[in-house]
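Chain lettering (A, B, C, D, E, F and G) follows the sequence in which the chains are written, and residue indices restart at 1 in each chain.
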Amino acid sequence: MEYVYAALILNESGEEINEDNVTAVLEAAGVDVEESRVKALVAALEDVDIEEAIDTAAAAPAAAAGG
Amino acid sequence: MSAESESVRKTENLPQWKEEEVDELVDFVESYNSVGVVSVTGIPSRQLQAMRRDLHGSAALRMSRNTLMTRALEEVDSGFEELVEHISGQVAFVGTNDNPFALFKKLEASKTPAPINAGEVAPNDVVIPEGDTGVDPGPFVGELQQVGASARIMDGSIKVTEDSTVLEAGEEVSAQLANVLNELGIEPKEVGLDLRSVYSEGTLFDPEDLDIDVEEYEADLKAGVAAATNLSVNAVYPTSRTAGQLLSKGAMEAKSVGLQAAIEDEELMPDLVRKADSQLRALAALIDDEEALPEELRG
Amino acid sequence: MEYVYAALILNESGEEINEDNVTAVLEAAGVDVEESRVKALVAALEDVDIEEAIDTAAAAPAAAAGG
Amino acid sequence: MEYVYAALILNESGEEINEDNVTAVLEAAGVDVEESRVKALVAALEDVDIEEAIDTAAAAPAAAAGG
Amino acid sequence: MEYVYAALILNESGEEINEDNVTAVLEAAGVDVEESRVKALVAALEDVDIEEAIDTAAAAPAAAAGG
Amino acid sequence: MEYVYAALILNESGEEINEDNVTAVLEAAGVDVEESRVKALVAALEDVDIEEAIDTAAAAPAAAAGG
Amino acid sequence: MEYVYAALILNESGEEINEDNVTAVLEAAGVDVEESRVKALVAALEDVDIEEAIDTAAAAPAAAAGG
């Protein structure tokens, strides 16, 4: 999960979500970083609209709370 | 035919008596806030007496010859003459100091079911309901079918297989149908004092006017409460009924602001953590490459 | 709706919902009172449990406010 | 709520929602009128579009409504 | 809503929700305080279970979590 | 939540949500003010559209009432 | 939300959520860190069971928000 959170922090700070930045965040948090996962994450996020994903999440819990 | 009418017939060649009767009718009309004309058609006199007793204290009935009732209404004038057009058939005056709407409700409530006889006109559709008639197999099944009911023999008795309208309102009851209904114990008529019109403190009311829909008033009442609640909350004018809602609204607004601004407040933290978690999952859901995800987010 | 509101005020003040009281409230509000509507209201409310109606409405203000 | 109902009647009758009118309606309903509550009502409604406020569902959970 | 927020702050700080305290909070925030509205608020809250009202709001985190 | 309520009052009164004003409101409410929390609040609200956040809350009650 | 994300990364990596660690993560992500928000965050999370908060998402929101 920490890899994805790292991406979310970078998204908020406005920094580029690249391998160096993700790795830096994770290392600062004491994570033993796996290079291949960082690569995969960065590649996978290339075509993803992060803001939209976050907004979707904001709308989602409403349904959950209904029950 | 009632006892009063009988006596009227015997004395109809006595103009002096007629005068006195009209005077009494005038007194009756003038002594009530609301006076109506009710039809008493088809009410057996014993039942009529029972109704009279039921109404005692809230309304009074007065019967007479139609010509004399008409004369009395014309003599009183001042609006009551509008009732004259309803004087036809077997009718009576009903007088009350109650609310005419309340009178109508009372009269409707006192109506009872009654059998219908051959030759009578059906006041409403006559329906033979689906079900077991309890009648043993025999010629009765044919009679049922002849009057238009869908009937057959099943499990040792005669059954009506579906609700069957055997006569429509306004049609005349045949002898055969009367027999069938009687055999089944179906009483299709609503018998009672049928209010034709009421003149009340300056206004003539028809039954349609008086037939109030209580549910509609209840709905209006609720809409009124909702309107007041909305106005109170939206205009932020707290009342003892709405102050709790206003507090709740304020608390929700604060929470909403706190969550959107991610304010580091102890109370907000659990929700902020959940928000972050659901954002994480939403983002993970858009990632195709499982290599990029930890196990718990795959799939 | 002013007739209904008049009934609701009387209910809150604890006064009887009768023709005189409803008329008085409406006249004080400058309403050109129709006697027959007052009569119909009073007769209709005789059969209504007003407190229950209020509680029901209070429990679902959003839905009830539609009208 | 009687004060709010008084405002609603005046709104329906087209009379101005001012202290005199509200007081008159409430007194006709047998309410022991509190001047400050009348003042507060008139003040609260001053800048409010009453029709809109009536139609907008109260934005607060219903369960919190007092008795 | 500032009057309501003032009551909510006092509730959190454990101070009594009375006219003086509500007025003090509002004045500190530069609100041009109307005495009658303060009175109406305090009177309306007299019989309200404030914690219950707030808990009802707390139970509705879903849509509020937006953005 | 008292810090958030203080910000909401200032938002309504049109005063600036700065450290001095937030502190003044909280002190008037008898809160033992922590400077760092005031600072954090002001910083957190800097880029937030408070009106919009409040309106989001208005969307919540339907879901809440359903539950 | 970057402060919350930073706390959650630390939670995942098993590092302590203290001011130094949160600051380090945020700085690595290029965030212009405000000390007061870090302080407030760490203080606010002191008594929060993060795992429990996530798990209780919709089940008992009232209780969770009660703190």
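Remarks
Note that in this section contacts are C-beta pairs under 8 Å (C-beta built on N, C-alpha and C of every residue); 3 or more make two chains touch, one makes a residue touch a chain.
Given the structure is predicted, the values throughout are model-derived calculations rather than measurements.
Annotation: B-D is the more contact-rich of the chain pairs B-G and B-D, by number of C-beta pairs in contact. Summarising the inter-chain layout, the chain whose CA centre lies farthest from the centre of chain G is B. With centres computed as the average of Cα coordinates, no chain lies farther from chain F than B.
When the contact pairs of C-D are matched by residue number across A-G, F-G or D-E, over half of them reappear in A-G. Averaged C-alpha coordinates put the centre of chain C at 54 Å from the centre of chain G. Distance between chain A and chain F, defined via averaged C-alpha coordinates, is recorded as 29 Å.
Residue positions 1, 5, 8, 37, 40-41, 44, 52-53, 56-57, 60-65, 67 of chain F each touch two or more of the other chains.
In chain B, the positions touching at least two other chains are 224-225, 227-230, 236-237, 239-256, 259-260, 262-265, 267-268, 271, 274-276, 278-280. Residues 236-240, 242-256, 259-260, 271, 274-275 of chain B touch chain E in their complex.
Per the touch definition, chain C reaches chain D in the complex via residues 1-2, 5-6, 8-10, 12-15, 21, 24-31, 58-62, 65.
Per the touch definition, chain D reaches chain E in the complex via residues 34-37, 39-41, 43-44, 60-61, 63-64, 66-67.
Within the complex, the chain B residues that touch chain F are 249-265, 267-268. Interface residues of chain A facing chain B in the complex, by the touch rule stated above, are 1, 3-5, 7-8, 36-37, 40-41, 43-45, 48-50, 53-54, 56-58, 60-61.
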